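The structure appears right after this line, and notes come after that.
To keep things simple, chains are lettered A, B, C and D as they appear, and every chain counts its residues starting from 1.
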Amino acid sequence: MPYFEQKSTRPLPRTGVDLAGIKFKNPVILASGTCGYGQEIDDLLDLELLGGIVVKGISLGERRGNPPPRIHETPCGLLNAIGLENVGLERFLSEKMPWLRKIDTAVIVNILGNSAEEYVQIARSLDRVPGIDGIEVNISCPNVKAGGIAFGADPALAAEITRRIKTVTSLPVIVKLSPNVTDITVIARAVEGAGADAISLINTLLGMAIDVKNKRPVLANIFGGLSGPAIKPIALRMVWQVARAVEIPVIGIGGISTSQDAIEFFMAGASAIQVGTATLVNPGSAAEIVAGIASFMDKEGISDISQMRIP
Amino acid sequence: MSRYSATCHIIDQVRLAQDIFHLVVDAPDIARVARPGQFCMLATAHGGGLDPLLRRPLSIHDAWPSGRLEFLYRVVGKGTDLLSQKGPGETVCVLGPLGRGFRPEPCGKSILVGGGLGAAPLLFLARSLDRMDVTVILGGRSIHEIARLDAFEGAAGEVLVTTEDGSRGIKGLVTTALERLDISSSSHTDAIPCVFACGPWPMMKAVYAWATAKGIAIQVSLETQMACGTGVCLGCAIRPSTQGRYLHTCKDGPVFFGTEIDWG
Amino acid sequence: MPYFEQKSTRPLPRTGVDLAGIKFKNPVILASGTCGYGQEIDDLLDLELLGGIVVKGISLGERRGNPPPRIHETPCGLLNAIGLENVGLERFLSEKMPWLRKIDTAVIVNILGNSAEEYVQIARSLDRVPGIDGIEVNISCPNVKAGGIAFGADPALAAEITRRIKTVTSLPVIVKLSPNVTDITVIARAVEGAGADAISLINTLLGMAIDVKNKRPVLANIFGGLSGPAIKPIALRMVWQVARAVEIPVIGIGGISTSQDAIEFFMAGASAIQVGTATLVNPGSAAEIVAGIASFMDKEGISDISQMRIP
Amino acid sequence: MSRYSATCHIIDQVRLAQDIFHLVVDAPDIARVARPGQFCMLATAHGGGLDPLLRRPLSIHDAWPSGRLEFLYRVVGKGTDLLSQKGPGETVCVLGPLGRGFRPEPCGKSILVGGGLGAAPLLFLARSLDRMDVTVILGGRSIHEIARLDAFEGAAGEVLVTTEDGSRGIKGLVTTALERLDISSSSHTDAIPCVFACGPWPMMKAVYAWATAKGIAIQVSLETQMACGTGVCLGCAIRPSTQGRYLHTCKDGPVFFGTEIDWG
């Protein structure tokens, strides 16, 4: 009896997180652009084991994306210049949401526009769509000419987009920041001031590779976004800085491939994390990370993700 | 879809030539559902190393109900080099079967054309067809580039070898053999033959031109850079013959009808 | 006879480069902080095979550097927070220069001050010191509190330091830029306008790592600079951008460990390159890179480094 | 300095216990000039892999005029794991000998204290001293952590083993053995003994305290993170006992007099 009581006083690790008004089963979310619209890897990864999924960036109209080659492997990293190929808002709602709606996991829609107006239009159309739990505003895509990075590098523009989106939607708004800036805390504070419910970071770092044999850039787009383990130290530093600069929750992204990596981000101050490139390498990564976090918390007697944070 | 991520025991790995390896692993789930022309993504880094980061795509060379899954590959860089260093007793992580394979159609003779390691996916295809209707043409610079000839001879009614240096078979390119082919003869039908090709781009272009001129349907297995192989990254785009959406090698292919793609 | 003549008409590849008025035997230079003052690895690497050496950053007074731990390995990268431990100007001139003077290779002195005044003072003292071929101004060190990065992120400050240094020295002045900025071409153009003779880039990217077991940042300094192959795609992109934004020569730095890497930088527009972390991993790297470049040029019939540049 | 960067053939690699390996390579240049207490940096990535990026520091366990160079190490992470997967016929890149080793001094008995894999550098040291003047104390949690006992017994006049679980020798810590030692007796002199220690920090602290209390000079071999091992990166700083400059493990050490460093 006393033995039983003793056991029961120790609660099971609570990996769930409430963040920006969204309930996540656990703090592990699939990153935009690395899990399609979910259905594409449903057979290889049980999405219901995860906290959530951020779908591929959606634009107003369908986009063809950049010409190939679009990807290139670098040391412990991946360069991509997909150029936001996506089905567009309309087909997303009619073709992708019906399936996503049935899955018991948080669904976040990543959006990208060519202008503030386009962001607003997409956000407005997503409002009150059943099954959508939140919007992630991509002001940080390095691979499309208009929009994207231009907004992410300018605190005033970033704030304006955030503010306007907040007025047209009741959904929680997560703003996704670009790492290609001098001081990320400036942008973070700007979007916090404009009403963002949470911040996610980082998007990819702008990079390139050259094809020595053919004497030209490898990617048709010349530049691409660098992701993967190579960028983890930079992402972690930015999460640490932003978590200390704002009050709203921070979602950590960048090179996370193991539960150890994820825990580093929680310690840096992230309330949740996203798994990107790791899913491309091993579709089961995110589920393995969920299990690893739970067993770490269990072993260390941690009952809530937020307890891991280094003050 | 039924795809599997498996840590597979290596049953055997044999060097067939200077830089050509034949890898056999035990992968019951994958082997059971695999179709000719599909491929797998293989992890190549040793231990916990993160470089190379991405898995490498390799066509399924053969698959058996016993769970035996075979690959035939050439060492060209870091990833394939690391893979080639593994042996029986060790394991390799395999993701598959992936993509859309060959689509056998009612036709006369099936002409399978492989250039160099493009031969890899053709053995499994040959074995899935009626042996007597299959003609395999294997081309290479020299006899050293023609791998697994015995296996092909066991699986096909006719096997023609072409070498650029004449060290074996017909001296010339695979198209030299195609030109000489009597495409009307077939064991049981006068139907038009169909062609399945895999190899370097210039070879496939030439074979496509030959087939098109003859009014023969052709399916080709293509290679592009891949990150995921599962259809989520959209990195493996390939220009379609139309002005529309890009095709994606890992899910719309790797096997395409010749008419689907932009030959440039 | 005709055969011989044919051979002699093909000139040997000329790997030498004249850059900012400095003659380099070849375009391969050791990067500051990764080769000490040269003598430390003289037995493992023949410095006379190289184009030049940039010595460890020199400050006015001797510096103790940051407390340990100072370094941490990351995927394909290295985080360091040495904190500019160095012998100081005086001991550098009296203890290190006599040896360096005897070596037949270009000697560049990397300098760092806490204030514009300190930069000027060091630059003035280096002027006309025999054996010194140039100054590399480090306005980009992420590991010291005052100076360093603060100057590198502000075009006006960067220009001012450059201008003032140019007035007190007749030595060629190379300004070394920080990658931790939104738009590197702005800083590049600012220092070009202020009279810089060349630009070198990149210094390290600001990063961090967390010790999950001990629940604290790994480095005593919390943040450190990320170097090595992991950062190559970012460095290459910045060199490409800067080479297209300024007229003065660009020296490429960042993750170069093979001649293939070096050639990518030449194609991107670099006139020379520096080898940093690769020397730590394998002291012979730079010499191997020199040999690899020469054999590539020979094979491709390239007679001058500048021919490799992609227009 | 005479240091060498060499690609060495592996003569032998034997697993001595669960995670302890004994590696023997052929490295004539390095072995010829190596001194006890020095170390080498070993590349661990396979093929052209760049991860792990840095080489791993390992003490020289033994070195012979024949060119035979030995290491004794424990697999603790990715690098040592990859190293342990290599075998005879393969090669490993070794940089060495590096750093400042033990400095034998005129003294009475030499007491060599190794905790766990801290034993690694002590065999070469023992062999360089007069066998009869050497007492080796090897400590571990259990007998499984005591490696190469036979070799030590061949090289030292006296070998004491301590295990925390009592599975062999004295039950307790190396300090338990030290306390029991009759430090006045020596084969040919009444001179004060000297101590050479290598092992986990708490152990070395305890041995340092013991030696200091007895007025005995002690040299310790330390471990810090290292990037280059050659003295150029200044990454391996370690706090000195004075307020002055930092010491650097790879060039001022790895062996230090106990009085040189800040015991914290």
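Things worth noting here:
Here, a contact is a pair of C-beta atoms (placed from the backbone, for glycine too) under 8 Å apart; a residue touches a chain by one contact, two chains touch by 3 or more.
Everything numeric in this text was worked out from a predicted model, so none of it was measured.
Judged by contacting C-beta pairs, the busier of the interfaces C-D and A-D is C-D. Relative to the C-alpha centre of chain C, the farthest chain centre belongs to B. Averaging Cα coordinates per chain places chain C and chain D 36 Å apart.
Chain centres here are Cα averages; for chain B and chain C they lie 47 Å apart. Centre-to-centre spacing of chain B and chain D amounts to 53 Å, using the average Cα coordinate of each chain. Across the assembly, chain D contributes 50-52 as residues in contact with two or more other chains.
Chain A has residues 75-77, 228-229 in contact with two or more other chains. Taken as a contact graph, the chains are fully connected, with every chain touching every other chain. Across the complex, chain B is touched by residues 45-52, 77-78, 81-82, 85 of chain D. Within the complex, the chain C residues that touch chain A are 74-77, 79, 153, 180-183, 205-210, 212, 215-217, 222-224, 226, 228-234, 236-237, 240, 255, 260, 263-264, 267-268, 308, 310. The residues of chain B lying in touch with chain C in their complex are 50-51.
If you check the complex, the residues on chain B that touch chain A are 1-5, 43, 50-55, 93, 95, 224-228, 230-239, 245-246, 251. Interface residues of chain C, counted against chain D in their complex, comprise 33-36, 40-41, 43-44, 56, 64-73, 75-78, 80, 82, 85, 228-229, 257, 277, 279-284.
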